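Two complexes come next, and they have one chain in common, subunit A, joined by subunit B in the first and subunit C in the second.
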Partner chain A sequence: MVIREHTAPGFNRPAENFGNHVISQKTMNEFYTIIDIRHNVTLQHPVALLRSDFEFCFDAVCVQRDTAVVTAVFGPAEVKPQRILIDKASVEALYRPKTGLPRVHDKMRETLIRNTCSTALLVTLHPRTSISIIVQEMQDSGGLLACAVNAACLALINSGIAMKFLVAAVSCMIDHEDNILIDPNSKQLKGSKASLTFVFDSIKKNIMACHTTGRFTQLQYEESLLKCRNGSDKIFSFYREIVRKVHQEHDRMSPTCRT
Partner chain B sequence: MATCYKSIHPVKYYRDFLAKGVRPDGRDMQKFRPVSINVDSIKTAEGSAIVKIGNTVVVCGIKAELAAPKAEEPNFGYLVPNVELPPLCSPRFCPGPPSDLAQVSSNFIAETLTSSGCVDLKDLCIAPEHLAWVLHCDLICLDHDGSLWDACVIALVAALRTVKLPHVSYDVEAETTVVSPEKRNKLQVHNTPVATTFAIFDDEILLTDPTNEEESLSSGVMTIVVQGGQLCSVHKPGGSPLTESQLQECINGAMKRAEYINKLVNMTLESLGT
Partner chain C sequence: MEVNVGDVVLPGDVIQAPNTNDKGKLILGPGLCRHMDEVLITTSGVLRKKGRNVYWVDSHRKRYVPVKGDTVVGVVVNRSGDTFKVDIGSSEQASLSYLAFEGATKKNRPDVQIGDIVFAKLLEASRDLEPELVCVDSYGKKGKLGVLPEGGFIFTCSLNLIRKILNPKCQMLKILGSEIPYDIAVGMNGKLWLKTKSIKETIAIVNAILTAEHLQHHEIASLCDDVINALKGM
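Now for the complex of A and B:
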């Protein structure tokens, strides 16, 4: 089952949309575009790391403007004896950079994705199993961490593993004139004083995870938090939209299975 | 009896204490553990410091080396932080290649250094395109009992402030380097960032300066780096969600702590007579 969403490519987005702190519904499709969400597709590169006896593989490709990430979720599956947790599933995240081997800063991303997903998942439902999330970077043009978290969440939705809540990540930057820009590209990031990435939960929109670089005041921090939180609403409604479309497609292809 | 109870149901044991507003080690929620700092402890290093927060001990040694700067950044020297977590410091770590935590810690320290701008890498350049200092900042944890990053950042900043680099003259034409170890200059440290760690217990109780036990039982950890009234880093790698007011509380706590720690480091350095 393949659903393709052809929306206007992000780079056609007019420049005045940046710095506009509220993302309108119209720009949402440009802000977050998903190209593919499908079942049981064998990924060549990341899957090569794993044994082939996994029963479930679900993946999602997440494209945010020009930043693209592929994620695969395996599990709940058998777990290595040293990783076994008797009361919950052991969640692991593997981050693969575009080229070369994972480096030290990729470990930070891995940790963030793993901790975020293990909080979002109902891990206690699957004791003594492992849930692996493999994230493959395809292209980075700003906001890679946010894209990776969103891709991981989409893959988890697609996998059907029970979750407490969904997560959405939004990145923003503060430029030298103290303006806050949401979802900056890599060109804009070069002229930034600080960059911040927030992950929110879908229930109360509280802060699940946060990663920042650069210096900023407490006021700027709160302001960017507020703007990113507003942006996260759009992502949550986008998740809903995607799931609705997948179900529609599913119903259309197998009308007898409709419940 | 209490030890039995603790080992059978550690979370419940903690909950019973926290319900009374006190932690098993006698502190209340916002109380920090005592901090002790010793600077210039390793004579063979260019700069060094030992920091103790409760039982957590981190030793920082800074070694200097000469190298050619990168072609794309000819005016910059290098600052290479590395956090080592040997099996000695906690039963959690095994011998072998650096653990995930050690790598994430090294990355965090490196990011903190760049964000805070505490050392201007241009100061480390001796002759553009030809010669620059490489400062290897080795942070070794001797005892890991929680709030590792706090100890690492304090140790690193204190050690950087004791660094004295020998005077080096470089002749570009002859390509000769003359090092005069008896003539030493202090390294300029522009900022003094301070990190503070908080643990989130049972999704709502914030524990300041957690011990290792508290960190492993808690549902999330957050580290805030503050520098002169500004925020350098707010690092929360997942874990249970926090509300804005809780975050504010943490930031305020971190600001207060930064003042205290900076005073302590200044006092220690003054006692050294530098």
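Now for the complex of A and C:
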């Protein structure tokens, strides 16, 4: 079995190390998803994602600059009797931190991902089933929540589950000089007054979820919302690019895949 | 965003109004749904059209969702009273009545054991009901359906690959069959059952089928030749 490696020039991220070891052994065609909202550069060699040998499991590796998250979607599958919903699928999100057991702030992320995804999914199409979204944190260099939401959406795209629309999350921060910075890294976040994460839908670009910390004025909130909404366009066009590449990949001959 | 046939589509996209003068029906396949007067996309993939009015989205999914009329391969996992429970890879186990076999009566029960592999047709597949299987056609004849003989090998692959090898344009099973004698049952649920004379041949055919996932139709022919030559060389 030959594993194809797509390494973009200048793509020497710490995230790659674990990626090649842990994931390649499991997946045959492995790609990375790189989302860069501020620079268009990485979009030219976006190396997409997602599939595993696991029978019904779909993986997405989402690398947003130095932040990396691995997601899997399992379902529509059989559901435990206590979680059964007779008119729709029960959506659950499982968030695993890098080390240790999930804590309070992990549960918060879990809830946000679950609420966002259950709104985006056409849950009424699969009554009495469960759809699990498993999110494993790999590396946090700022904007982890946004990365997790985007990774969950990529995994849902790849699983082929029916959805009403896609979602995209963008994070931003306000520094002490009141400048708004889109998609900050952890170094920049140390000098922040407030940090905000917005989730948008793909049709009308409405807010689906919002998470904020710190103090800011209403004006600053509105301004950062506007900037993040503009940033989300890049993610949505990136999703379309990914799907196009995956379908081309399947249509094209790939001799390296021979086992 | 409005899309046309052949485009890459994402959930939430709208199909461009197909000729409004056309009063004929529009048939929506997988990945599409109607909302008010618009046709919306629900899964990501490539939009396809056949004939004048049949639309669907070509996507690469692996989870099987039962569809009425599909023929599937399943494993009998349980028996309760007069029905068998069959695992067909969907979210719920399908039920198979013991009367749904050729020549079966209340006194003459079919010989089905737990663990047997059955090749059956979906009689009922609704999201609100348990899927129901039958091993006879509407004339009460079994045709190719029924319990598959012992000694076969069962494996799973993606639903896209199943559609590919069952495509009339795909000569794969025919080319392999010209040199290697084998029995195969291909279920639309992504399960395949295969029986050959030797383990070597089974491995070769399974590998050939799984490799075809990423190949085009004309490349599959040379793959089959490679496999046949490798087998003969041994």
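Rule of thumb we're sticking to: the second predicted complex is superposed on the first by the 197 of 259 C-alpha atoms of A that agree within 3 Å, B and C clash if a C-alpha of one lies under 4 Å from a C-alpha of the other, contacts with A are read in each partner's own complex, and residues count from 1 in each chain.
Convention: a residue touches a chain if its C-beta (ideal position, glycine included) is under 8 Å from a C-beta of that chain, and two chains touch if they have at least 3 such contacts.
Please read all numbers here as calculations on a predicted model, not as lab measurements.
S.K.: Which partner chains sit in contact with A:Tyr239 here, subunit B, subunit C, both or neither? Use first/second/both/neither.
M.R.: It touches subunit C, and subunit B stays clear.
S.K.: So, does A:Arg83 touch the first partner subunit B, the second partner subunit C, both, or neither?
M.R.: Once the two structures are laid over each other on A, A:Arg83 reaches no partner at all.
S.K.: Could you tell me if A:Pro127 is touching subunit B, subunit C, both of them or neither one (first, second, both, neither)?
M.R.: In the superposition, A:Pro127 touches subunit C alone.
S.K.: Who does A:Gly75 touch here: subunit B (first), subunit C (second), both, or neither?
M.R.: After superposition on chain A, A:Gly75 lies in contact with subunit C alone.
S.K.: Tell me the contact category for A:Ser159 with respect to subunit B and subunit C: first, second, both or neither.
M.R.: Touch status of A:Ser159: second partner only.
S.K.: Shared contact residues on subunit A for subunit B and subunit C?
M.R.: Overlap of subunit B and subunit C footprints on subunit A: residues 201.
S.K.: Could you please specify the touching residues of subunit A with respect to subunit C in the complex?
M.R.: 55-56, 58, 75-79, 120, 122, 125-129, 157-166, 201-203, 236, 239-240, 243-244, 246-247, 249-254, 257-259
S.K.: What part of subunit B is in contact with subunit A in the complex they form?
M.R.: Touching subunit A from subunit B are residues 100, 103-104, 106-108, 110-111, 114-117, 219-220, 222, 227, 229-244, 247-248, 251.
S.K.: Help me check something: in the complex, which residues belonging to subunit A touch subunit B?
M.R.: 104-105, 107-108, 110-119, 194, 196, 199-201, 204, 206-218, 221-222, 225
S.K.: Looking at the complex, which residues from subunit C come into contact with subunit A?
M.R.: Residues 8, 10-12, 31, 33, 40, 42-46, 58-63, 65, 89, 91-92, 127-128, 156, 160, 207, 210-211, 213-216, 219.
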